[in-house]
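Shared chain: chain A. Partners: chain B in the first complex, chain C in the second.
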Partner chain A sequence: MYGFEAMTFNIHGGYLEAIVRGHRSGLLTAADYNNLCQCETLDDIKMHLSATEYGPYLQNEPSPLHTTTIVEKCTLKLVDEYKHMLCQATEPLSTFLQYITYGHMIDNVVLIVTGTLHERDVQELLEKCHPLGMFDSIATLAVAQNMRELYRLVLVDTPLAPYFSECITSEDLDDMNIEIMRNTLYKAYLEDFYQFCQKLGGATAEIMSDLLAFEADRRAVNITINSIGTELTREDRRKLYSSFGLLYPYGHEELAVCEDIDQVRGVMEKYPAYQHIFGKLSYGESQMLDKAFYEEEVKRLCLSFEQQFHYGVFFAYMRLREQEIRNLMWISECVAQNQKSRVHDSVVFIF
Partner chain B sequence: MSGAIVIGASSSWARALVKISPYTFSAIGIAISIGVSVLGAAWGIYITGSSLIGAAIKAPRITSKNLISVIFCEAVAIYGVIVAIILQTKLESVPSSQIYEPESLRAGYAIFASGIIVGFANLVCGLCVGIIGSSCALSDAQNSSLFVKILVIEIFGSALGLFGVIVGIIMSAQATWPSKV
Partner chain C sequence: MGEENEATNTQQSTTESEALNFLDSVDNYLILIESLTSTLGQGWLELSSARHSMGGSRLNNVLLTLKHHSAPTTVELDYDNAGSMTKSKAPQLTLSKWKPSATQESNESEATTSPLKTENHRGKVLSMFGGMVSPKLRASQLSFETALETLVEIANVRSSVLEAHRALKLHKG
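Coming up: the complex of A and B.
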């Protein structure tokens, strides 16, 4: 019953919710980011980060550091925290936590398949995969030639199996098809996750619906913008949009026929929730759109912490950590390439 | 019996109810007063305790102060015990000819009602204090200036149990059994 979660949530979820809120207090603040933005070298960054919670993970790294090492160690911290929570969780929280990683699994699958297509070494690709999305038979993906084999050999045993029903074709894998496959899988995953949250009910359903709807809408806009000028037909484009969210169904109808960014803007400005995002961009500019979307996402994720006794805090924490790792990667790259003036182009402050 | 004159024209259900011994009602009342109060206290303690333990991992300083929330929940159980002890001193034996007198019935019902009042008031009070205690622990872990402010809310919450105890004790003062003739 919505409103009475407080009476029974803490039986199974109280301890883990308190832990995740403790982790949240360790996210880097604006003051930390200001310090990091003023660093001259990667060693300075390492020194500043050793004062934060990333200390134990970076202190044994030898200089000279690479940006990939920093990102890898920070991701390792996220993975450790996630695994600790997952092993303490009971149903349905454990299923919920696993759902959060399916997006990374999809990204890993696409990474390996694309890399194989371009004749890269499997070991090298495996090292680039996101650790949260690893599963046992992932190396076998390099063997598959088309999607039916991909499914039959590898994916039927993974949690991604139910998402494949819409995209099994006998066509060979090429770049275009792989992108379509990625988006179709992600669409199925988002819808499945949404249904799961609706079944959980209560505050979790309400908060997760909002976060997932924003995700679905953002993906719809990105798909539209990325497919302007490509061979993707309108029908195909429409098939990639999720069947929930603020834009469903009328926004999707309008987005499917958009041919340039200004038309997309025209469609999105009809929705008050997205109007202010698009209002920040001047006409014809789309580079800042990513950052505007990230800022909006971070704002909504932080708001989910305002309520207690629901699972949305776990999802929000994972996403905020990922945003922080993206920020650190951008700052490290800017410092390493001596482009510190561009640092603030893409860093989204969380607090 | 004079009892039969009082209930002469009522339905068979009413007649059946007044034939239940007042001691049954009293005993159930005493059981509810202690049992349901302890249920409320235990519920509140586990709600607070699980959040407190998790939050104390990142912020160990909160443990000693936030035990106050647990103490408030415990107080709820103590109210239940006190009222149960008071109620059981109100039980007197009356001769079997007078068990179903209106006076006896009134005494029995008074103890029953007192038990229910105290039990359920403490149940919701324990729940209330427990939930606030959980939020208090989590907020204190993030920002230590919030602790005292949320404690004030908890104090108001624990006053609810006290209201129940007061009314219960007033109610139990009505429990005067007929004097032996």
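Coming up: the complex of A and C.
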């Protein structure tokens, strides 16, 4: 019952909530980012990060460093923290934590399938998979020729199996079919996660509904913008939008027929929650849209920590760490390419 | 005596025009080099921005296709002797963008490719990273395309720089 979590939450979730709040206090601050933005080389970045929680993960890396190495090692830290929380969690928190990783699982499946289609070696594809999305039979994906085989041979025994019912066909896999499969799977996953959080009820349902609805709306906008000028039909585009969120259903109907960024802007400005996001952009421009969405997401994620006794803090922490890793990746790329003047184009401060 | 002076003056003015021609060519060359550096820098940053937007798993080198496919863009080399003062053939490079090769589609005899087909070719190349890619990746593709055009122009200008230098040496020496 909502409001009575304070009586029972700490029995099973108290320790892990304390752990995740402790991890949250280890997120990089504005002062850390200012120091990192002034670095001249990637070794300088490594030196500054050695004073943070990333220190132990980067200290043994030899010079010259690469940006991919920095991202890889920072991701390992996130994975270690996640695995520690998962092994300590009981139901339903353990299921909730597993839900957080299904997005990465979908990305890994698509990476393996696409790489195999392009005749790449499976081992080099596996090295590029996100560690949070790994599962036992992932390498077997390389033998499938179409989605029916993908499901029958491999995915039927994975948590993604229920999401395949909407996209099983015997059509051969090509780049567009794979893209549609990716977005259909992600849509089914988001809807399933949303339903799960609703069943949990209480503060978790309230906070996660807002966060997942924002995710669904952002995906709808990105799908619309990325599919402009492609062979994806309006009907197919509309099928990729999730069945919840602020934009569902009327915003989706309007987004499905948009042919340029200004039409997308016209649709989104009707929603007060998104007016200020699109207000930051000039007409015809979409370069800063990602940053505007990330800033809004970070604001909502940070707000979830203001309330206690709910699972939203775990989701929020994972997403904030991923944002931090994106920031580090961008700063590293700007430093490596000698483009430090552009570093603030994509860095989103968390605190 | 008068004829000798006239011949000397003519030779001097020819040498000066050759020198000017050489310096102009070098100036063009340096401007193009700077333009190329700027365009490539922009292209790489846009690629990083696309990677930041789409995620590392959607945009990385393991997705580049190893399947055999013909190049939609070719460079043709021609030797042009017209207007050359030194009687040596100056190489000229011509870029053919987004057109099928001569051995591929023999029934496509279009002299130019329509803008729609060009867009389709561009989209097809990017589809190795997915059917729906970020506009930042498309911007990066355009930057690298511009850089390729600049490179071909640099090669041709370099050829004219060497040609002008040879002509200058010939008249001076």
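Observations, loosely collected:
Note that the second predicted complex is superposed on the first by the 351 of 351 C-alpha atoms of A that agree within 3 Å, B and C clash if a C-alpha of one lies under 4 Å from a C-alpha of the other, contacts with A are read in each partner's own complex, and residues count from 1 in each chain.
Criterion: contacts are C-beta pairs under 8 Å (C-beta built on N, C-alpha and C of every residue); 3 or more make two chains touch, one makes a residue touch a chain.
Being a predicted model, the structure only gives us computed values, none of them experimental.
When the shared chain is aligned, no partner comes close enough to touch A:Ala51: not chain B, not chain C. Contacts of A:Ala161 after superposition on the shared chain: neither chain B nor chain C is touched.
Looking at the shared chain after the overlay, A:Gln308 reaches chain B, while chain C stays out of its contact range. In the superposition on chain A, A:Val257 makes contact with neither chain B nor chain C. Contacts of A:Asn10 after superposition: chain B is touched, whereas chain C is not reached.
Of the two partner chains placed around the shared chain by superposition, chain B is the only one that A:Ser25 touches, whereas chain C remains out of contact.
By the touch criterion defined above, A:Val143 reaches neither chain B nor chain C.
When the two complexes are superposed, the chain touching more residues of chain A, out of chain B and chain C, is C. Applying the stated touch rule to the two superposed structures, the chain B and chain C interfaces on chain A have no residue in common. Listing the residues of chain A that touch chain C in their complex gives 68, 71, 107-108, 110-111, 114-115, 118-120, 124-125, 127-130, 175-180, 182-183, 223, 225-227, 229-232, 261, 286-287, 290, 326, 329-330, 333-334, 337-339, 342, 345-346. Residues 41, 44-45, 48-49, 51-53, 55-58, 60, 62-67, 119, 123, 127-128, 130-136 of chain C are the ones that touch chain A when the two sit in their complex. Within the complex formed with chain B, the residues of chain A that make contact are 6-7, 10-11, 14-19, 21-23, 25-26, 308.
Residue ranges on chain B touching chain A, taken from their complex, read 43, 46-47, 50-55, 57-59, 127, 131, 134-135, 137-138, 141-142.
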